[in-house]
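What follows is chain A paired twice: with chain B in the first complex and chain C in the second.
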Partner chain A sequence: MARMKFLCDAERCIECQACVTACKSEHEVPWGVNRRRVIVMDDGLPGEKSVSVACMHCSDAPCAAVCPVDCFYTTADGIVLHDKDLCIGCGYCFYACPFGAPQYPQQSAFGVRGKMDKCTFCAGGPETAHSEAEYVKYGANRIAEGKLPLCAEMCSTKALLAGDGDVVSDIYRQRVMRRGGRPQTWGWQAAYGNA
Partner chain B sequence: MSDSNVSKARQRRRRSMLWSLALILVLSIALPLGYALAQSGGQGVQQQQQQRFGQDRATNPRSDMWREAREGQGGFTTQTGPYVTNTMISNVGETWRQFRMGPLITYGGYLLIGALALVALVFTFVGRIKLAHGRAGMTIERWKPFERYLHWFTATTFIVLAITGLSLLFGRTVLIPVMGHQAFAAWADIGKVVHNYVGPAFSVAVLLMILMWVRHNMPKAVDLKWFAAGGGIFGKSHPSAGKFNGGEKVWFWVGIVVFGIMVSVSGFLLNFPLFGQTRADMALYQAIHAITSLLWIAFFFGHAYIGTLGTEGALEGMTTGRVDVNWAKQHHDLWYEDEIAKGVKPQQAEAPATGSVGTVGQPSH
Partner chain C sequence: MPYKAMLVALAVASLSLLTACEQEVVFHEPGVYKGKHDETATQEAAERRQEQLRERAMTGMTDR
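Entry: the complex of A and B
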């Protein structure tokens, strides 16, 4: 069974924001909620680098550990999903997540949060695959169609890789061997440990 | 020398001793620190760093960038939203997770179980503190209506907040196996809303309570004697006390004032994330809120036990506002004497309490 992982190759990312736009469009993510974002370090300076960040679908997910209602689950593919019917919008997963992935749709009076929303690795949620309820709550389910996340598929420079961790790291290793320099598997230590 | 001169001299000696102790403490910190500052010219650390990373050995800008990202420094992002952050990684989350899922839940659970066990032990081996001379059948006003309303409002909201708060902390361990995920999520959803709305009202009540009772809770020498005598719970004697005894004063200062203010301030900042609180801030407030609340709840078990099961004739003071004269003499003799001196007349109890021993209308001794 595949173990799904994301990897953003900072040597290739050109901060075109296509991954962000693709994600927003594919899942009709509401305003103010960003499942994926591009962070630019040293913007406009020598050595500027950008990385596309979303839920990394951690092996030992901190969000799942701290959730008071235990609404997270990991699929057989290693994708971390959650059940919005159980979520109470307490915000604990947002405090715990290293990647700032959890988002909340409402910021109404007194900062009351709605139900948490995050990247699903385009795998929908606990509802029946391709049902209306699944689309409204979690967005499209491309995994069930045998497709990989749209952000990575859209990536023009193939900086953002998504898929089986072994295949992803194989592609990345070949790149590093060809171009030289050191590998920078950013976020992998935090998300996947040493596995 | 007269007696007053002797005691004055003793006071003076004690005061000068205290001051010199304080001076020694301050100097023991200030002198070595001053020496270190004088040696380094106040900027020793900076100078050392500049020498180590001089122009000839500048660090690689790329590794600097990754190091900064790893340390949680922010970058630039075009995305906007209330929960969008410009950091690639937040390190506080893992710390908070380990604290909450480890020591907080483990020791918090032990604390509450331990406090309940302690109360049960005291009830089993010390038992109820009975009225030593039975009931007099005459009562005196102990709590004014406003004091009682405020007390019961705070008490009710405290219990509601404790139940909803503990549900969020321990529910996954204790309640989900019993209720199932769906029912618990529904309960936690209601609990969260109730907790968020009742919390501020509770905080206002706590503040009013502090203002209302602070003048009766000034520590006095008699409180030390009260503690030395075991507060009348341990041992046979009935130590003297004013309107509030030593134990009640500790509950006031530690429970209501310290825990109350800490829980209220941290709760306010958690409830209203509108002042630019970062994830690190929220995690810190949550930790403070949880630790203080757990200590407060453990302390509350003792307060609730002493006020109800633990002491015969205490609860009626808070429910009806009046206490039996014999109870007042036994537990709060100084306050009782003050009230009588003020001209307060004890009144006949409306309905004779069951099992009363004292002759109705005549306070015993």
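Entry: the complex of A and C
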């Protein structure tokens, strides 16, 4: 069985922010919410690196472990999704997530948080596939159409890889061999352990 | 005396209400997802799309 994973090749990421834009555009993500963002390490220094970060769909998702209303579930191929009808916007998942993936739209005054929003691996949510309800709550369901997440599919340098963990690992392994080293599987240990 | 009778009546009413509740209340197991069913999250759906997604990754993410 496939196990969906993200991998960002820091050697290739040029911080163009196209993945961020593609995600926002594809899912019509509201203002103030970024399901994906690019972070820069050692900004302005020699050896500066950037990586594109979103929900990594962890093997033993800490967000699901701390959720007081148990609104998280994992698909058979390892995509971590949540039910917005159950979410109470408590923010526990944000504190638990090692990647800062959960986002909360500000819906009213005094900083009241709305329902949590995060990357769905373009797999929608617990609504009828391709329905309006699914699109409004979770965004487009590309996975059901046999397509991979748009952020990875349109990455111009192919820095961001998404798909079955075995396929992603193979592609990355070949790259590392070709360039003679510098492997950097940023976030993989935290997200997937040794699996 | 009316006070005592009132207390007894209240106790009886509370007990009967609790008994009535027993049939209605849903006991959720902690830590288990209790939201709506997602048909695309099932094993069958994942198996159906597995090969298509694999081909897509091989064609779209490998270097030309």
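Note that the second predicted complex is superposed on the first by the 190 of 195 C-alpha atoms of A that agree within 3 Å, B and C clash if a C-alpha of one lies under 4 Å from a C-alpha of the other, contacts with A are read in each partner's own complex, and residues count from 1 in each chain.
Note that in this section a residue touches a chain if its C-beta (ideal position, glycine included) is under 8 Å from a C-beta of that chain, and two chains touch if they have at least 3 such contacts.
The structure presented is a predicted model; accordingly, all values stated were derived computationally and were not measured.
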Which partner, chain B or chain C, touches more chain A residues: B
Chain B versus chain C as contact partner of A:162, first or second or both or neither: second
Touching partner for A:148 - first (chain B), second (chain C), both, neither: second
Partner chain in contact with A:193 - chain B first, chain C second, else both or neither: neither
Touching partner for A:86 - first (chain B), second (chain C), both, neither: both
Touching partner for A:33 - first (chain B), second (chain C), both, neither: first
Touching partner for A:98 - first (chain B), second (chain C), both, neither: first
Which of chain B and chain C A:127 touches, first, second, both or neither: second
First, second, both or neither for A:2, with chain B first and chain C second: second
Touched partner set for A:171, first chain B, second chain C, both or neither: second
Residues of chain A that lie at the interface with chain B and also at the interface with chain C: 65, 70-71, 83, 85-86
Contacting residues of chain A [partner chain B, same complex]: 17, 20, 31-34, 37-43, 46-47, 49-51, 53, 62, 65-71, 83, 85-91, 94-100, 102-104, 107, 110-112, 184, 186-187, 190
Residue ranges of chain A in contact with chain C within the complex: 1-2, 65, 70-77, 79, 81-83, 85-86, 123-129, 141, 143-144, 146-148, 152-153, 158, 161-164, 167-168, 171, 174-175
Partner chain A, residues of chain C touching it in the complex: 28, 30-43, 45-47, 49-50, 52-54, 56-58, 60-63
Of all residues in chain B, those that touch chain A in their complex: 61-62, 64-66, 68-69, 73, 75-94, 96-97, 100-101, 168-169, 171-172, 176, 181-182, 184-185, 188-189, 192, 196, 271-274, 279, 282-283, 286
